[in-house]
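Shared chain: chain A. Partners: chain B in the first complex, chain C in the second.
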Partner chain A sequence: MKVTLPNLGNLTSIAGKALFSNLGHEVILPPPNTKRTLDLGVRYAPEYCCLPLKIVLGNFIEALEKGADTIITVGGWGPCRFGYYSEIQRMILKSLGYKFEMISMEAPRGNLIRMLNYINRLRDKRSLPSFIKALKLAWAKFGTIEELEKEALKARPRENIKGETSQVLKAGLSLIDNTNTIEEIEKIKQKTLCDFNEIIKTNKTKDVIKVKLVGEFYVALEPFVNHNIEEKLGYLGVEVERGVSARPWITSLLKFLRKDNIQEEIIEKAAKPYLAQSVGGEGQSTIGHIVLASEKGMDGAIQVIPFTCMPEVVAETINKKVSEDLDFPVLTLIYDEQTGEEGLVTRLDAFVDLLKMKKPERHPIKR
Partner chain B sequence: MSEFLGVDVGSISTNLALINEEGELLNEVYLRTQGQPIEAIKEGIEGMRQSISLNSINVRGVGTTGSGRVLAGTIVGADIVKNEITSQAVATLQINPQVRTIFEIGGQDSKIIILQNGIVVDFGMNTICAAGTGSFLDQQAYRLKIPIEEFGDYALKSTNSVRIAGRCTVFAESDMIHKQQLGYEKKDIIAGLCAALVRNYLNNVAKGKKICSPIFFQGGVASNSGIRKSFKKELGEEVVVPGNHKVMGAIGAALLAKEEFESTGKETSFRGFDLVEKEYRTRGFECDGCPNRCEVVEIFIEDELVARWGDRCGKWSLNYSQVVT
Partner chain C sequence: MGNLKIGIPQALLYYEYFPLWKNFLEGLDAEVLISGPTTKEILDLGVKSAISEICFPVKVFYGHVMSLKDRVDYLFVPRMVCVEKSAYFCPKFLGLPDMIKSSLSSLPPLIEPTIDIRKSATNFKNSFLAVGKLFTNNSKKIYQSFHEAQRNLKLYLKSKENELDQKIISQQYNKKLPQRDLKNSLNIAILGHSYLIYDYFINLNLISKLKKAKVNVLTAEMVKKREIKRQLKKLNKPLFWTLSKKALGSAFYFLEKKVDGIIHLTSFECGEDSIIGEIIHQESQKYPSVAYTEFVFDEHTGEIGIDTRTEAFLDMIVRRKRYESNFA
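For the complex of A and B:
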């Protein structure tokens, strides 16, 4: 099988690749997201669908062009329209004449047998222990990538040389990509964390603005789609804390294994006064994260939404009230296929100014 | 003496303001960008140079703002490059420190800024379309063969305003044509259009925001008396249009440059009024490093490369704002 996966930041291109290549498949990754990916997605996807569907469709087309024959993706019930996306993408690609098979990993809802069947296929006759070993390694890479990316968010606003942090991160990730043991991953992680620490140490006392990044999963995590918002904010002197990350998302998909997802419960509870039930997607947790960020004494939050995303639009409307009640600034950014960045940069710049102005004692001069 | 220059390069107009160390406006220049920001900036600097006596002027700081702020910063040598929202707010606060709401409607976009106790607490920019911005009014004035300067006064003459759809320029325009073919008078249609634009602005840009007095209205569209009247009617509140409403962004940029100078004491990077005599050139090329095919723009002064931007990956970027901030 020549397996491919949708792009999602560094996660699928490193951890996803590791998993499937260790299972003995040839992995053909889609090229990094570019305007061409976007163009292909926009051309063939239904107009009213959200950007994640379009970009991922573009990924699949580009990967199939490179020779992939099996698409691995996620889908199934929930969390929003996304549940149907793999099916729609499959139909579109078939109608375009591509020959491939699509394996959509779905959280089992009563139908464990189908899930086990898929796993069996992917396992490719490997013994269970070696399957588990591959899984563990990929999971370790997955966790490390997220951890390093999060630490980079702390280092970037404190760096003295612009781009230093991104370089350290890139080097660390590339080492992780090329290693195949959990011990090595751990070593690389410690080394990279040390490098970040060096950067942080130089400006330890610098009082940076702290912003929580919340919103729709894919837009928040895919830098091409969100126009590198984390890096842009970092350069504006903002420490970003991710409200969205992939690991809890996956563990929440595996909720049927563990009922006690504590972190999720805290977020849900925080959102309760404003939105007592799930509205699909990350709608409710967006609100929960904002409430928690305010309680933690952070300076503000930025919500990122793909245009036409229902759950986030619900959250956006409620956020106005949350923001007013808690006196906590929230900036909402809606992403679609535009590639011009001027409007985005202006909004970010103005929002950061606003947050700084709110703290006159901390930023007495620069407005 | 110390003076500070602010340059606001918008899509439609380019404005310059010169202030003294007290923050008082000494001179202003307002002109159309006409799709050529570099030419407009040079023309603006030239206009400024001619109307002041250079001997008594010592520019200690320059600030740029507007959608062309980075380009402008490169051309004039800015000490601070700031977004339009902060610039507008700073300029308005100088007039009235108690201001709570600023409507800013320019050529291509419109904004609302909410302030409390002298600081910006919230803002919004138009997210839907150009409905309600200067360009659309320009276009309609042209279609009705009315000079844009008189457009608003037509609306004031109306006693029987016609309802025009305001949500989108497409709907607005077809509604206008339809009403016009029914025989409504020009002045009534224009009054209806003004009301529709205000409704659109309040429903979209200002959606969900608490509008408190004092309210300031600035930007090019604030010259339009019809829009001003519609705002007052819709809100039932006094709407203040400051005398320098067209150049508020530039004044704000100048004030920010002043603040920057006062806090850092740094020597200005201003290239001087002589910059108009220099030759500025831009060159663009398409990078073929990846399928993004970014359009990279290079800015030259007398054949010296001073800035380069436009690439996503950063391999070409030689950004002036990096040098400045």
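For the complex of A and C:
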């Protein structure tokens, strides 16, 4: 099988690739997201669907052009539209005449056999232990990538030479990409963390602005889509804390196996006074994260959402009230295919300026 | 207790459930005040008070709430989450009371029962009974009022079902139609959310315009439930929205019955419709004899634009039928 995956930051291009190539499949990754990816997606996707669908559709088209024959993606069961996206993409691609098979990973609602069948096919006659080993390795890579990226967010506002952090991160990630043992991943991780620490040490006392990045999963995690917002904020001297990360998201997909998730419960509890009901996607946790960030004494929050996103629009409406009640600045950035870089930069600049001005007010003692 | 005034905004799920809500509340001796049909003022109020990114129907709902809020003691805004297995309402319905509360000020208290049968099979009933407790302690009265209301809802749905003239659909395409009658025998299905189809202000009187043009208007309510269920089996993956299931199932049904045309009414930024619109479009490719079009409504939709498109759509169908019957 020539397998392909949608682009999602470094996660699928490193961890996803590792998983499927270790299972003995040829992995054909879509080329990095470009204007063409977006254009292809916009051309063939329904107009009012959100940006993630369009970009991922573009990814699939570009990967199929490169010769992939099996698409691996994720699905769900609502109420967010995302759950049906794999099916819509399959229909659109079929109508465009591509020949491929789509394997959508989702909770096996009433169709356990199909799920097991998929897993069996992906396992490709490998023994169960080696299947589990591949899974474990990919999971380790997955976790390490997220951890390093998160640490880089702390280092970036404190670096002396612009771009230093990103270089360290890039070097670390490419090493991870090329290793194949868990021990080695751990070593690389430690070394990269040390490098980050060096950077942080030089400016340890620097009082940076702390911002929580919340919002829709794909837009928050895919740098092409959010115009590299984390790096941009870092260069503005802002320490970004991610409210969205992929690992708990995957474990929550496996909710049917395990129900206890303390972190999630805390977030849900924080959101309850404002949004009593989960609205699908990240809607409720967006509110929860903002409330928690304000309690933690952070300076502000940025909500990134794709245009027409159903759950996040609910959250956006409620954010206004949360922001007012807690006197906590929240900037909502809505992305679509027409989002321009300069407009975004201006808004980020202005928001960060506002936070800087507000900071003495929030922490009167430090002054 | 004196008669409490309860306001029900005539928007969104009102069009699906109003016999139930109204009769239930009235059975409890409450005075029910309905905001009435959408007007220009209501629409303007809604557009002003809701955030600009939200979908058009929710803006309309905001308008209805605004027009009611100073005239009532309570607002009835149920949170409809789930009324059937494996299907939900749209995320915006799930968060509706919270959105209203957080963006509108000086609201009367909201009555917001959460209806979610995932919690328990009797949740639908129980949440209504809990609402009843607000008005009276007489459980028997609450029960009676609920059952009466539910019966009314059933009657309402039935009466809509009967509007379907089975003959219209089956007659067609069996026989060639005489040419001069062409104009009188167009069957056009109007699909979409009930709050678009039955809100004549939003859809700019589309239905009466079609009827005036001697079109038989068919709607999703006229399709039998089991028929919808059967049609939905065509999907590769089951759909998980209650309202869209109805629209999509009936779209498949009308396609299979080869009506003359299908108009899918959708509104600006409707998330569900973006998906099912694509599915209907794809499916309609298999039935070349059925014309399909989509009308998008928002606060800027002009009457003339819709008139032109309706006329063009009808003309196209008439011309095509004439052309085809000439061949035959």
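Side notes on the structure shown:
The rule is simple: the second predicted complex is superposed on the first by the 355 of 367 C-alpha atoms of A that agree within 3 Å, B and C clash if a C-alpha of one lies under 4 Å from a C-alpha of the other, contacts with A are read in each partner's own complex, and residues count from 1 in each chain.
One rule holds in what follows: a residue touches a chain if its C-beta (ideal position, glycine included) is under 8 Å from a C-beta of that chain, and two chains touch if they have at least 3 such contacts.
Just so we're clear, the structure is a prediction, and the values are computed from it rather than from any experiment.
With the C-alpha superposition on chain A as described, chain C and chain B fit side by side in the combined arrangement. In the superposed pair of complexes, A:75 makes contact with chain C only, with no contact to chain B. Chain A is touched at more residues by one of its partners, and among chain B and chain C that partner is C.
With the two structures brought together on chain A, the opening angle seen from the C-alpha centre of chain A toward chain B and chain C is 80°, to the nearest 10.
In the superposed model, A:320 makes contact with both chain B and chain C. Looking at the shared chain after the overlay, A:195 reaches neither chain B nor chain C. Once the two complexes are laid over each other on the shared chain, residue contacts for A:280 go to chain C alone; chain B is not touched. After overlaying the two complexes on the shared chain, residue contacts for A:88 are found with chain C alone; chain B is out of touch. After overlaying the two complexes on the shared chain, residue contacts for A:350 are found with chain B alone; chain C is out of touch.
Look at A:334: by the touch rule set out above, it reaches both chain B and chain C. By the touch criterion stated above, A:47 is placed in contact with chain C alone, chain B being left untouched. Taking every C-alpha of chain B against every C-alpha of chain C after the fit on chain A, the minimum distance is 5 Å.
Residues 317, 320, 334 of chain A lie at the contact with chain B in one complex and at the contact with chain C in the other. Chain A meets chain B in the complex at residues 31-32, 34-37, 162-163, 317, 320, 323, 329, 334, 342-343, 345-347, 349-351, 353-354, 357-358, 360, 365-367.
Per the touch definition, chain A reaches chain C in the complex via residues 46-49, 75, 77-81, 83-84, 87-88, 90-92, 95, 104, 109, 274-281, 283, 307-311, 313-318, 320-322, 334. Remark: chain B residues 67, 82-86, 90, 109, 119-123, 125, 127, 208, 256, 259-260, 263, 290-293, 314, 322 touch chain A in the complex. Chain contact summary for the complex, chain C toward chain A: residues 50-51, 53-55, 79, 81, 86-92, 94-95, 97-99, 101-103, 114, 235-241, 266, 268-275, 277-279, 282, 285.
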